[in-house]
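Next come two complexes, and both contain chain A; in the first it sits with chain B, in the second with chain C.
Let's look at the complex of A and B:
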């Protein structure tokens, strides 16, 4: 946000609002837990190149025996090429998080823009945009994502695109609803009366008011985007030269790890997905509570 | 799954109901999934007992129409239900009589006369005559749709006639050494002459009129195909009463079914599964020499049959020195050890070692052993210096950056892609693996739109078919069509190919075929990496053994013939007992536990919500 003209007024109010928000968030134990886990996972994922050596991922250099159970040298056993499953899970987190966050960001941008424009302009613009939204809403998202990633050349970007363009309609609907409420408030009317253009209204007043909700929604979208990425990779639509949790599960299934009873190959990526998705959901829920006071009463 | 993200505040109260709905849906989805396998269990005691040989397959039947189907699953069935003129023996792949009792060729090798066996009948009672044979071949010559699967056999035919019920006379345009091994299925004229449009005909009216050791009687697409023994088969009735191919979505499911005793034979095991089955009670494993080679094609400058360049091949790969340097940077022994788990043979020549006669390995002076240093030196000498980013540049200044097209569904391709990418990066060559669907692999190969692509063919006992793939004649027509492999199109290779096709002396033909392989190896357009073994397993409590082809280290299923299924030896237990039905009961237990769990979860959740509301 740009530098406010009146430091004490606006900034002070925002700092106070943030502090109040943090107080409410802190009260949610689940949210705190989710945040802690996320910070840990993201930190480890970012530090992977520092803490580990990527040579262990190079199939031509590893010397480990294929599909060995956990041992002192390989804490989580090895995969079909003799690589450490711990190392793969560690590096896989980077790809899963990257795709999840990028797809959620893409979905957030599309959804927010569509929602804002539809609510602000109304009329035929809204009709058009909302029909498009409805169209994407009724399409089974996973099927559409599969179709997209089949048609486009494989790669990380394709996966992000496939998930991003299929998961925005909910955000659009939500943002539109929130925008409609915000726009009825007196200060918007005042800004309009003072001659504020569309850009000024949307950029300076409506968007800041809608953004917190968008962030809460996006946090939840990240969770489903990670699941979607794993699903697509598991179905073999990802980029197999990239290591992600979904592609690990696919390799495990393809090589017959189930028959071989190689639980150490299946559990780490599976648990990784479960924990990260749970953490994002907990954070998102806690954020919702912060933004929506009505939710607080019914919770213990 | 993508849509779970947003949950508005109002939906919160509906959560228990949603949970219940989800669980119900989940259960509903599970029940038919288990039910789907019921037919296979029911096969233990169907229509009148007897022994059923149940084979788990992971490939679907692309078509039951013998003029159209060319997948391994379908051709395996055609060999069981339709006759062929000749077949390959189980012992050593030698050509033996089948529908034709004997044959002779004219002096100029252009006219071939086949005598048809007496007393062979179609499954509807009509006799099999020379007119059926002539009709089948003529249809393939005159109807382009009927030439889809086996058109290569009749390409060179000029006429086919049946002077009487027992004689077929085939004239060819030029001498053809493969005349004794025409593997095209023969169909009954009185059925197929009524079919106007072959391309649209699914041939799924059961029972299918045929004349092999088995008759197809029941087909459920994507589930199973059942065949009954043909008691009147001229060689004698098969040893089992029924044969059933059961479709499985993935190989792990097939292996579990084998463990439960739900199927008797499973094929296409991964090395991991094969190892995991070691020492399992009542399961015997079969490691057979494969008929397949696995190669990487380097685009040598693709061109169509008119000689016009097509596709997007990298110019550096037109230089044989670059192709040979790449070959030296691939450690085949490590690939066999790591990708195949040791179940395969290191490649070099073209034809797999299962065909001992034609198998060729390069002599010491022609070998290109793995050496990154030597490969780097060769590229330096050839004039491909490294750029500032470490990637080599060609004479035109273009970086050596190759697209490597892979089959997206194949774990072998994915692994090979990883290895090759790493090795070539040490040569200063960047490789970008591009996994695509099988169809796209075929399209891009035919169009020449690749730098490197994974390819591989199952080789027939007569290698003519795969040898032809590397000739100029195999290049695609300007209007589309054609089935090229590496776009080699080398004058010397084509001469050797033509000579072997017209050579009827076996040892001289073998010599020519080895020379052709040597030329192919020298040109290095296709790098043969390995010949994978075929890994199978069967229930030894129900079957004592199978006829393998070849008898030394051969396979049970998908042979060049019907021997494995025809000569299966059921045990006393298989003849009397009904076999394992444990799978279905296990399914019920699982469903029951899930149901119980769901009820508990839902009731607890509902209770909590209720009390939470009361506490307000």
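Let's look at the complex of A and C:
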């Protein structure tokens, strides 16, 4: 009846668990650093249309000299068409984050569904799903993603799809293992004895117990999805009309910025990728520590 | 010498008829099924999914209806899909991967030409990365939380967060092209120079000179994987009682590490090394693109720009197939290495 402080209610217990989790997370310096960086980067990316003007991205409307080193007007120099590298990097963050997050979300959904079904229903369903999971686990994901984005029409959606459908097997294995342990607990048996159907068991009892782990893994998946996005864009498989960190690096290579020694064009997008990926990795590792007490001593 | 835990597990329930033979048969059988699935996937991806492969391949060049029809006939696309699939499988069994659209040559021939450079690059890089990674992982875990551990872990994690091709571009700019007063120390592209003096030694040195930057890029990005796996694996062994026993016998610390802890920690690491081979292959594609290394990765890049579907199909099947074969080998080797199952 009463609000949060009531420790016996479901909400109260969840709030208490969250507070305890945050306490453990806070002790992880890397995790805190990653979280702070991510909040900053996501905030800046969201505010890009407010803080900057998108005309600077239009090749026909910029007046800067091509491939100039950093100066007072262009703090990070200019690209091959005279656009500000700072502006490009800022707007590129939007695309890289959007694709990374969406692809990881898609991978999370596929992985969770496959993992839950494989663990909950034994027999031939499990055998088949596990066989498929193992097959895709071994298959080099990037090679498959390259194949998919080559044959499908170019676009953001294709990139998200290509990364999403190739990066789910690890999640599926983890979810399956976790579901198997959860399902041996007495409250599941009790729910089953009370006549709960598959949908009730999975939706009300198993899924909530598995979700925290799924989020921790997905944080790590975002990191690899951002790298995959930049790689696909670098190979020329991205949407040619969109600016992302990977497509910036592709134009840097194609227009000879590397041989011209234009370090100001090469460093910002790559550093952007590295910092964001590292932050997601650090957050994911910190979340894993919260969920798995066994790891607490081993990671610092 | 054998630790107690291992002995206990050896005495577990005895399984049925020759377990090793059954194990090998199951693993090899599973591998064959996976290879077949790769072939099916290859057919689906490059023949079924594009709808009209002839149109996909010519999307950047204007073609007439007759040219399209001729192209469809040349690649057998005017036949019903099930016939195409049958022919594709039969040809594959004979090592025929079709004809490349850009090179107008058999795909299998092109792949055989390019496989050597890739094996050289990926092989050298993997061996170096495994050696560096295992050594660093062992050092880091042995003094967990110490300065070495923190330093190794942060450098490894940072390098791992860097896109392979970007690191390649940076190295290319710094050491290939040269920055400021620094001249380029290494070649920027290819695998050999045209003006090499005759003689085997000179040629080997020339290839090695070209190999340095691409190999360094690949090692820098992948060694962290091996280091983290080895570190975690060794940390799990650290609390084991057999280490206390070994120390109680009066063994020196580095002997305890070398003879007892590391061999046990190596077991899970070996399989993971092979599992990560897919990542190495993926890295090879971008590294070969950056350094114009004439291997399978560069061939894939050339093919996807057109896109040359038969050629892409060929490289896809070969790359995916070799990773699967390597994984089957890994599971067999693991079985041979693990003393708990080797003797049974």
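Everything below uses one rule, namely that the second predicted complex is superposed on the first by the 290 of 300 C-alpha atoms of A that agree within 3 Å, B and C clash if a C-alpha of one lies under 4 Å from a C-alpha of the other, contacts with A are read in each partner's own complex, and residues count from 1 in each chain.
Just so we're on the same page, a residue touches a chain if its C-beta (ideal position, glycine included) is under 8 Å from a C-beta of that chain, and two chains touch if they have at least 3 such contacts.
These numbers were taken from a predicted model, which means no experiment stands behind them.
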**Prompt:** When the two structures are laid over each other on chain A, do chain B and chain C clash or fit?
**Reply:** clash
**Asked** A:141 contacts which: chain B (first), chain C (second), both, neither?
**Response** both
**Request:** Have a look at where A:258 lands relative to chain B and chain C in the superposition and call it first, second, both or neither.
**Result:** both
**Request:** Could you look at A:221 and tell me whether it touches chain B, chain C, both or neither (first, second, both, neither)?
**Result:** first
**Message:** According to the stated criteria, A:236 is in contact with first (chain B), second (chain C), both, or neither; which is it?
**Reply:** both
**Request:** Examine A:130 and indicate which partner it touches, taking first as chain B and second as chain C; both and neither are also allowed.
**Result:** neither
**Prompt:** Touching A:88 in the superposition: chain B (first), chain C (second), both, neither?
**Reply:** neither
**Request:** May I ask you to decide whether A:248 touches chain B, chain C, both, or neither, giving the answer as first, second, both or neither?
**Result:** neither
**Message:** If we overlay the two complexes on their shared chain A, which of chain B and chain C does A:150 touch? Say first, second, both or neither.
**Reply:** both
**Message:** By the touch definition at the top of the document, which applies to A:165: first (chain B), second (chain C), both, or neither?
**Reply:** neither
**Prompt:** chain C has the stretches 59-67, 239-247 or 329-337; which one runs into chain B?
**Reply:** 59-67
**Complete:** chain A residues contacting chain B in one complex and chain C in the other 141-142, 150, 223, 227, 231, 236-237, 253, 258-259, 261, 298, 300
**Request:** State the interface residues of chain C toward chain A in the complex, per the touch definition above.
**Result:** 34, 37-38, 41, 45-46, 49-50, 56, 144-145, 149-150, 157-158, 160-167, 169-170, 172-173, 177-180, 188, 232, 235, 275, 277-279, 281-282, 285-286, 289-290, 300-301, 304-305, 307, 309, 312, 316, 319-320, 323-324, 327
**Asked** Any idea which chain B residues touch chain A in the complex?
**Response** 1-9, 12, 250-252, 255-256, 269-273, 275-277, 331, 334, 338, 341, 406, 408-409, 411, 414-415, 417-419, 421-423, 433-437, 612-613, 616
**chain A residues touching chain C - in the complex, by the definition given at the top** = 135, 137-144, 146-148, 150-152, 223, 227, 230-231, 234-237, 246, 249, 252-253, 258-259, 261, 263, 266-267, 269-270, 273-275, 277-278, 281-282, 298, 300
**Asked** Where on chain A does chain B make contact in their complex?
**Response** 58-61, 66-67, 80-82, 141-142, 145, 150, 153-154, 163, 166-167, 170-171, 174, 217, 220-221, 223-225, 227-228, 231, 236-237, 239-241, 251, 253-262, 288, 292, 294-295, 297-298, 300
